[in-house]
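In the two complexes below, chain A is the common chain; its partner is chain B in one and chain C in the other.
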Partner chain A sequence: MTLILKNLNRIINNQWIIRDLSFEVLNGECLALLGPSGCGKSSTLRLIAGLDKPTGGSIYIDQLDITSISASDRKIGMVFQSYALYPHLSVLKNLTLGLKARKLPDSEQKNKVWSVLSIMQLEDFAERKPSELSGGQRQRVALARALLREPNVYLLDEPMSNLDAQLREELRPELRRLILSGGQPVVYVTHDQEEAMAMASRIAVLNNGSLEQIGTPKELYSKPLSLFVAKFIGRPQINILNNQSNEIVAIRPEDINLQEGGINCKLVHQEWLGKNQLWQLQSDYGLIRMLNESDIDVPENITIGWQSTKEHHFSLKTGKRIN
Partner chain B sequence: MKRLHFYIIILLTWSMLPFIWQLYTSFCSQEALISPLRTIDNRWTLDNYLRIINADPPFWKYLLNSLVVGTSATLITLIISIPAAYSLTRLKSAFAKSMQLLLLAAALFPYVLLFLALLELARNLNLGNNLLALSIPYSALSTPLAVLLLSSAFRDIPKDLEEAAILDGLNTWQRLKWVLIPLITPSSASTAILVFVFSWNEYPIALTWISRSELITLPVAISRIAGSSVYSVPYGTYAAASVLGSIPLLLIVLIFQKQIISGLTQGAIKG
Partner chain C sequence: MIFLFAPAALFLILVFVLPLIRYCWISVHALSVITNLEMIPNYGANWIRLYNDQRFWQDSFQTIRFTVTSVSLEILFAIAIALLLDQRWRGRGVVRALTILPWALPTTVMALGWRWIFNTPHGPIEQIISLLGFESINILSNPNIAWIATVIGDVWKTTPFIALILLAGLQSIPNDLYEAFRLEGGSSRQALFNITIPLLKQYLLIGILFRTAQAFGVFDLIQIMTGGGPASSTESLALYAYLNAMRFLDFGYSATIMLGSFILLVFSCLLAWLIFNQIKKIQL
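Coming up: the complex of A and B.
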């Protein structure tokens, strides 16, 4: 199955929420929608789910135009940021409700729910209410509900944002395994570039409702098509050099080296990150962040440089990449 | 803490004292009531209660009448108000907003002004002396407030929950039945109690719509308890009737207590 968005628009009160958005998500592919809050990533998800109506454009699953099909008939497996579990029902009943609505025979309902419960390792919690579960367990229930929908498309809206950092890292591979094994397209919304890179085979960066760039994590990192993407992908953030030319020059902190006879810098701040350390340097080009191995000790005044091929150039006017 | 206890005791006294006084009065003989400080041999008596229970028609008949009217009024009100409240919260149009204002106005309207008109209606539509017909004006008068209370309950349900149900493939009726109505149970219960208490206590409409003595409701029945002459007011009997009349209400509040207090939406969202 392939999910295709064609020139999708959404306008509310004369404001563009989504602007001319087109992309494809292939069978078994996970596409991350990445961007700052208010960039339209959740709105895009709601349009795909059918919870909101687009102002223009269309959505296809394979050849089928689903733009005018109602949300309840689209067969979408969605995991909400809040998980949105029915608080008055046990885990078992939470999962059965959708099957009951589809009027499946009782025995089939039971079989399906229990098999998903065992996949999710939730059998022991079947009789518990959502309020009696931990954050990670709730997330698994929400995911189980999406699986039971036997969906054409999975939509995940910041599914990790309620979990602590350690649990998030632990759950990533599991989540990938569970949702990508089914062979449906997966759209994964997040504002965390690291999570997007870990989860997705491709990332779509959104800004003000329009698509800035779509590509593999590596493409976005090594060849960002706009200054916005360059700033959003890669941590520590890319340096923008203050060189008073008619274009913007940016260089990643990890591409800078110590170089004799290079640019004179003064070390103003030092952060120890484990394997690496991050230096904040004061130079003629403004403040520069530089990443270096952590066992190097340097004096206050150093000289740095980089290969010119590592530089990223962007237009001063449009912020687009110049090659 | 001490201070809080003090306030609680004052509040409790303030609200409970009339009831306690009523209870006291209902067990006192007539002479004891007239001279509360003198020692009287037969101060305590069950006569007041016996008189009520042995009256003709017996007192439980009026209780039953009120129960029938109260229950049907409450049911009708909920059946009308729940779908109305749901649609009012889901409609985003200016029409829905003005309807809400109109409902507020209706809820604030002093209903006593309506009872003459209602009487005319009852006469023309032949609704007099019919217990179930009495629940029509009761639920009509309660519906505006009920809709307002229930729509705020619907509004408090996180939007995600209903959307999750939509994506689960539930249609509107299934969403209401399986997700939304169970979630507003606390509000429905307190709304039901308000409606029930209103119809339990209502006097002018009950007085004018019902004239046959075996059909009158409790407040009317209590007002009809009279002594042997105009010069004696049977306070003890009144009090006993009021106490007996309050017991069903107390029972209902006790039964619904759990629903009213329990925070059902806990754990709906976020960890």
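Coming up: the complex of A and C.
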């Protein structure tokens, strides 16, 4: 199955929420929608789910245009940011309710729910209410519900944002394995670039409702098509050089080297990051962040340089990549 | 702790506990204009009289009939109004404000209004009936249907109150739940019975219990609309107790009626609670 978005638009009160958005998610592929809050990533997900109607454009699953099909008939498995578990029902009943609504025979309901409970290792919690579960367990119930839908497409809306940082990292491989095991296309919304890179084979970066760039994490990092993507992907953030030319030149902190006879700098701030250390340097090009091995001592005179092939050039007007 | 709790406790004792104890005491005494308003013990004679009093049982039936009909209709209308006001549409704010209006009106004022609406031959209802060429139905002077008029007045006045409680409840249900259910293939009717009503149940319980207790003690509305008539067919227990105390000046028996109706009320609330538990079990 393939999910295809074609020239999707959504306008509310004369404001573009989504602007001319097109992309494809292939069978068994996880695409991350990445961007700052308000960039339209959750709105895109709601359009795919059918919870909102697009102003223009169409959505396809394989050859089938589903734009006008209602949310309840789209067969979409969605995990909400809040998990949206029914607070008055036990885990078992939470999972059964959808099957009951779709009028599956009782025996089939039971079989399916219990097999999913066992896949998710939730059997011991079947009789608990959502309020009696931990964040990680709630996420598993929400995921179990999506699995039970036997969907054409999986949509995940910041499924990790309610978990603490350590748990998040632990759960990533497991979550990735589970959602990709069925071979459906997966759309994964996040604002965390690290999570996007870990979960997805391709990332779509959104800004103000438009697609900035779509590609593999490596492509986004090594060849950002716009200044926005260059700044959004990669930590510590890319340096923008203050060189008064007619284009923007940017260089990543990790591409800068100590170089004799290079640009003179003064150390302003030093940060330890474990394997690396981050220097903030004052130079004729403005403030520059530089990433060094942590065992390097600060020399008396700091002079830096970089290979010109590592530079990224962007248009001053449009912010788009030049070269 | 006791210092903080004391004012509320004192208030409750003065306003509820002491009068109740005094009622119990009075109810086992003869205290009327005949005894020169002296308390003379009569060892349960009031209670025997109450047990044999046809009018007390008739009024009990009428009070329960009034309470059950009003509260059921109010709950049904209130659910509908709350669901409507929970949707987003143009002019919702204005309608929401207007909905509260009947509840904000003093009962006496609106009861007078309803008395005029049902008035024969000048009220609008009778006018419409005669314009359409039908025979006058004399609503307020017909012992078989006058009670319906009082129910209409009560439903009109107190539905907004329950609707408001339910609306607060509806707005506390996250929209996510409905969206998740829709994506699972659920219809909006199924969402109503599986999500909305179960999550509203605390609010429904508050509404039902509160209104049952209030409707059971109905006095002002009926006093003004019909005065308990015709032929005491709309008389409530509160009205009967008032009649005994204020017109017949028989305070001993009046206190006994109030206590008798208090016991009935406790039973009615238990009944309401049982019915509610049955409603809770309905699914899909």
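Following the convention adopted for this analysis, the second predicted complex is superposed on the first by the 320 of 323 C-alpha atoms of A that agree within 3 Å, B and C clash if a C-alpha of one lies under 4 Å from a C-alpha of the other, contacts with A are read in each partner's own complex, and residues count from 1 in each chain.
The rule we apply is simple: a contact is a pair of C-beta atoms (placed from the backbone, for glycine too) under 8 Å apart; a residue touches a chain by one contact, two chains touch by 3 or more.
Every value quoted in this text rests on a predicted model; they were computed, and no experiment measured them.
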#### Entry: When chain B and chain C are modelled together on chain A, clash or fit
clash
### Task
Considering only the touch criterion stated at the top, classify A:86 as touching first (chain B), second (chain C), both, or neither.
both
### Query
With the two structures laid over each other on chain A, which partner does A:249 touch: chain B (first), chain C (second), both, or neither?
neither
### Task
In the overlay, answer first, second, both or neither for which of chain B and chain C A:163 touches.
first
### Task
Give one of first, second, both or neither to describe whether A:267 is in contact with chain B, with chain C, with both, or with none.
neither
### Task
Scan A:131 for contacts with chain B and chain C and give back first, second, both or neither.
first
### Task
Would you sort A:180 into first (chain B), second (chain C), both or neither based on which partner it touches?
neither
### Query
Which chain makes contact with more of the residues of chain A, chain B or else chain C?
B
### Task
Touching chain B in one complex and chain C in the other: list those residues of chain A.
49, 51, 71-74, 76-78, 80, 82, 84, 86-88, 97-98, 100-102, 145, 149
#### Entry: Residue numbers on chain A that touch chain B, as the complex places them
49, 51, 71-74, 76-78, 80-88, 97-98, 100-102, 129-135, 138, 145, 149, 162-163
### Task
Under the touch definition given earlier, write down the residues of chain B that touch chain A in their complex.
158, 160-161, 163-171, 174, 178-179, 182-183, 264-271
### Task
Name, in rising order, each residue of chain A that touches chain C in their complex.
49-51, 71-74, 76-78, 80, 82, 84, 86-88, 97-98, 100-102, 145, 149
### Summary
So, in the complex, the side of chain C touching chain A is made of residues 174, 176-177, 179-187, 190, 194-195, 198-199, 284
